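After this come two complexes, each holding subunit A, first together with subunit B and then together with subunit C.
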Partner chain A sequence: MKIFKALMVTTAVSLALMAGTAHAADKKIALVVKALGIGFFEAANKGAQEAAKELGDVEVIYTGPTTTTAEGQIEVINSLIAQKVDAIAVSANDTDALVPALKKAMERGIKVISWDSGVAKEGRSMHLNPSSSPLIGNMIIKLAADQLPEGGDVAVLSATATSTNQNVWIEEMKKVLPNYKGINVVATVYGDDLADKSYRETQGLIQSYPNLKAIIAPTSVGIVAAAQAVTDAGKTGQINVTGLGLPSEMAGHVKSGASKSFAIWNPIDLGYSATMIAYDLIGGAEAKPGAELKMGRMGTVKLDDNNEGAMADPFVYDASNVEEFSKIF
Partner chain B sequence: MAEAHLSPRIIPDRLRSRSSRALKSWESLLLVVALLIFAFNSFASPYFLDPWNLSDATFNFTEKALIAFAMALVIISGEIDLSVASIIALTSTAMGLAVTMGADTPVLVLVGLGTGLLCGMVNGLLITGLGLPSIVVTIGTMSLFRGLSFIILGDKAYTGYPESFAFFGQGYVWWVFSFELALFVVTAIVFGVLLHKTNFGRSVYAIGNNQTAALFSGVRVGRVKFILFLLTGLMAGIASICLTSRLGSTRPSIALGVELEVVTMVVLGGVSILGGSGTIPGVVLAAFIMGMVTFGFGLLNVPGIVMSIFIGVLLISVIALPILWSRARRRMAH
Partner chain C sequence: MAKLLKNREILLVLAIIVLVFAIALRFPGFIEPANLARVYNDTSILIILALGQMAVILTRCIDLSMAANLALSGMVAAMINAAFPGVPIPMVILTVVALGAALGSINGLLVWKLDIPPIVVTLGTLTIFRGTIFLLSNGAWINAHQMSDAFKALPRASFAGFPILSWLSVAAIAAIYVLMTRTPIGRAFFAVGGNPHAAVYTGIDVGRTRFLAYCLSGALAGLAGYLWVSRYAVAYVDIAAGFELDIIAACVIGGISIAGGIGSVAGAVLGSLFLGVIKNALPVINISPFAQLAISGTVIIIAVAVNARTEKRKGRVILKKAEAV
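Right after this comes the complex of A and B.
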């Protein structure tokens, strides 16, 4: 009998749960994330809900597995296919494993896009990157230069010397360097994405370059270690640490002044844009190389030969907003 | 108290009639639960009663159930195999490796079956040959097998499986009946006959109830156990073929955590975790229950964690129920 009681209670609970949703809106867009309960994705959902509100005739289904497995996401995708949703926007746990399930979704007339973490080309109609290498390269040098109107020496603290994306970003940064008058990149050092090594490399920079005005660390491990090293050396206010980091880890250093500002994608904008693009595709827009898809307040995204597009510049966090976002991710 | 509860089990004859009686009522209980969930799902979501959707839903449990049948026998014999998910990973990796060497579908299937058998043999030899406890051995091989696929694959993935290989995980035998579903039915029948209608099956029960008594009655305990681990390895290999075919790719993290879902399915099916009792029809019903709960809740977009809680509550009730029953009965007898 116990089992029946348990069943009845659960039945009642789930009935109550579903009673609230699944009404009115006529276009269903599913936002499938790597796993539920991750701050970054909860924030993306906030953006998606904002988009749904703005569009009016959209219901956003925010869902995902409990653990970050491809198998779990496939179960979720199968149930979305069964519900005949209009679009699926997925941040994939596995580039390849989701392809057969997503292909099936597309065969049944569902628009499929990936965002944040992509799906192989044949499993989606387009992929939305949060940003692009040129935009990131420009942003990290701009963050340093904005604080140095007179110019000055800056150094780069990277992850490993073989890290592909780090190297591409630094290369893109050097391409736009002439646009920032008076800024000299004096050194590039590698902290291997280890907190202690990054810390020691920063100490080395501080000693070798007495006129150093800024350290650019386009890695979330490096930027925190560098900010700590600058604080410990008593150089707060003289050397500005910037680059790419997570608000939750950087909030303290922004407060102390070791970092004036830093950048990273904004998950709210990402969820918002993914929903807007999905809506545009449902409305008949075609995802093909060169096409421009609408992203509401974020403007438009232009697709490259792989049907990939970049959303925007990395979002800048400083004393005015880091506190708020540090609660999210 | 535990001794008093176990004492009548020494006489195999009485156990047989008793357990079968208890299990009969157990399965009818599971059947009622399954029907209730089915009814609830059809009532709660307009999409549930659709042949194609129901067919899609079976993929949630068929691969796990294939292993659960073999696992049921292992658990009935008083042992456990926690390495099954890692066997899936290693088997899938071996097949991926074969693809890069230009193997075609028939060869891939042989590689899959062979790797599964080989893993099962390693488990079996360590457990029966060296007399080590199965829980320790299979926790060890759980890390070993998956570790090997991590070494071979690293952060890369094998893709590029031949088109015809997709049949096992994505193909249909007739109308909405997928290959996996057909395989599930055939395997259920084979294991049902093996456990309930053969001498081998009887000896599995005998070993699970009292290994020493079984040994003195002439049951070749070591050999039976070795075959059971071999079977589990083979079924994990078959499940790996299906899963790899369904995903169309291999990554070392494939089927992470599946071993616990398989054990859950077996225990929910009424197999005693202490060994000695349980039936294949029970496991079949448990597979359907777990599959329908996952799919039904998925249709309602209930967060996955709520499903886990539901399955957890179901499982604890299932284990607690017989104990509460026997206690109540004893109290009445006094």
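Right after this comes the complex of A and C.
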């Protein structure tokens, strides 16, 4: 299987090479993923192809190793350098290991960006984050508030009390809380990213706050456990569970009604934006702090001091699209 | 009265009652019968596991791999259900109980035949079991919508007003009680832990007894695996991570001596309930998450300290119940 996949990659790469000679004017952008055959990245490729179609004179080479290793990615990058692609957009398996290979690429005039999972600053011209803490903080409270036009009590079910990501998101959420009239955050509890503790904490919330209208769980273990606890308590429809989760994990709970909607980055948009940014850089745009790079239908991305930028709000999944995305990731 | 207070089980019952009332002072809803039934239901899985751990600890061994066994069995149950939703649930349960027992027997064989210290064996199998889950599942989750409704419904189904999950733990308590007090193997667990040398002279095969104790704890972990996965409607590599410590803590609080030979079914059940009450109370009495950890730890240390004192007084008597007659 591995050999077969490797063969496929080689064939694809050489085909791409031939295609490249056919349309000499086409710009070649390589989308290097952590490994082939992962739904999330297949979806990113879908977005990249969409961008290529929109731009017209771009050919996207979707490639990556067969297993999620840095060595495999280095090999792929070296072969891309030999092919003289115009840009490489990589989701890295290792922050530092890819730097020498990517530096070599940049020395040869290839534009290098990282997306989703970044590489160290010296190995890329910019990094595209799927979202940013303020955007996530705003989104999780918005998800709850959108279902509560009259306002009401909401509680937060986090991971551990010390987990950095969640704490930053919750802090950002509290900053924008005044924008959502009538929404009271009555408690923040910690499920430690354990299914049983998250379940128990949710039961505790249901008991302690009889008027609770929504539970926000910005963690994928917590949101699933909370949805199950709400279902078991017979509170489906009264308490809406929302936050950050994966469509494949949440599909059942959206269907049961325990969760009306939740959010996470959209891999299609991510692949699309990475391709657009690479195109912008090929076209002469410069990646430097404060610069704004074009992302087509996704707008622009502004780079911070580390040459990092955030794509957009997390993407909202609900009953209308969760089935479709649950097959992807 | 003084004699009664020396009885560990009665002391624990009193402690639990005091605890429940103390919690009710801060959160009156806690003491409602419906809530107490819910707490019992939530503790059922811990009780089932603690009963298995008790058998192992009685023989002077320890089983650190129970939670990993639970996770592996649970993942297998979920995978069978996801791949073949038509397989009847009792079949699934029988399969994972057998699987759990088989996994437990690996521990037992290593302890019996190779004479490796139990803590090392089970620490090893703990990681092997967790690793196996990853190999089986490729790190992917089995989610609620991949499980059949029947798979998720069984522990929740109500019988005579209580969920099946609670009834299963009651059945496990009854079965283990009979096993411990009315069968030769049950008495052998006590004898082997109380004094292995003397046990040999009475014709008990120490290694084989330990092997059987591990099979028992494995089978119960397998059962708990199904219950866990269907209760929380999700299976992944890390389920019940760290739960082995809760199981051992429940046994220790329940007065089961880590040195082997001393303990009772009632102790294991009460120790589990004590932990279960605390676990369920902490979310509703509004205490900082950092203090929660400290409270849980303090309680366990107090329990061990009390335990050490009572053990000293008792001395080491094997076949305690038989002697009393």
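Quick notes on this one:
Here is the rule we use: the second predicted complex is superposed on the first by the 304 of 329 C-alpha atoms of A that agree within 3 Å, B and C clash if a C-alpha of one lies under 4 Å from a C-alpha of the other, contacts with A are read in each partner's own complex, and residues count from 1 in each chain.
The definition used in the following text is that a residue touches a chain if its C-beta (ideal position, glycine included) is under 8 Å from a C-beta of that chain, and two chains touch if they have at least 3 such contacts.
Source: prediction; values computed, not measured.
When the shared chain is aligned, subunit C comes close enough to touch A:Leu205, but subunit B does not.
By the document's definition of touching, neither partner reaches A:Thr164: not subunit B, not subunit C.
For subunit A, the partner with contacts to more residues, out of subunit B and subunit C, is B. Contact with subunit C, but none with subunit B, is seen for A:Gly252 once the two complexes are overlaid on the shared chain. In the three-chain superposition model, subunit A touches subunit B and subunit C at no common residue. Listed in rising order, the residues of subunit C touching subunit A in the complex are 27, 29, 35, 38, 42, 141, 143-146, 156, 228, 231-234, 239-243, 279-280, 282-284, 286, 288-290.
For subunit B in complex with subunit A, the touching residues are 29, 32-33, 36-37, 40, 44-45, 47-48, 50, 52-53, 56-57, 59-60, 157, 159, 166, 169-170, 243, 246-249, 251, 253-258, 294-295, 297-308, 310, 313-314, 317-318, 320-321, 324. Touching subunit B in their complex are the following residues of subunit A: 2-4, 6-7, 10-11, 14-15, 17-18, 21, 36-37, 61, 63-67, 69-72, 74-76, 78-79, 81-84, 94-97, 99-100, 120. Looking at the complex, you find that subunit A touches subunit C at residues 160-161, 187, 189-190, 194-197, 199-201, 203-205, 207-208, 224-225, 227-228, 232, 248-253, 255-256, 326.
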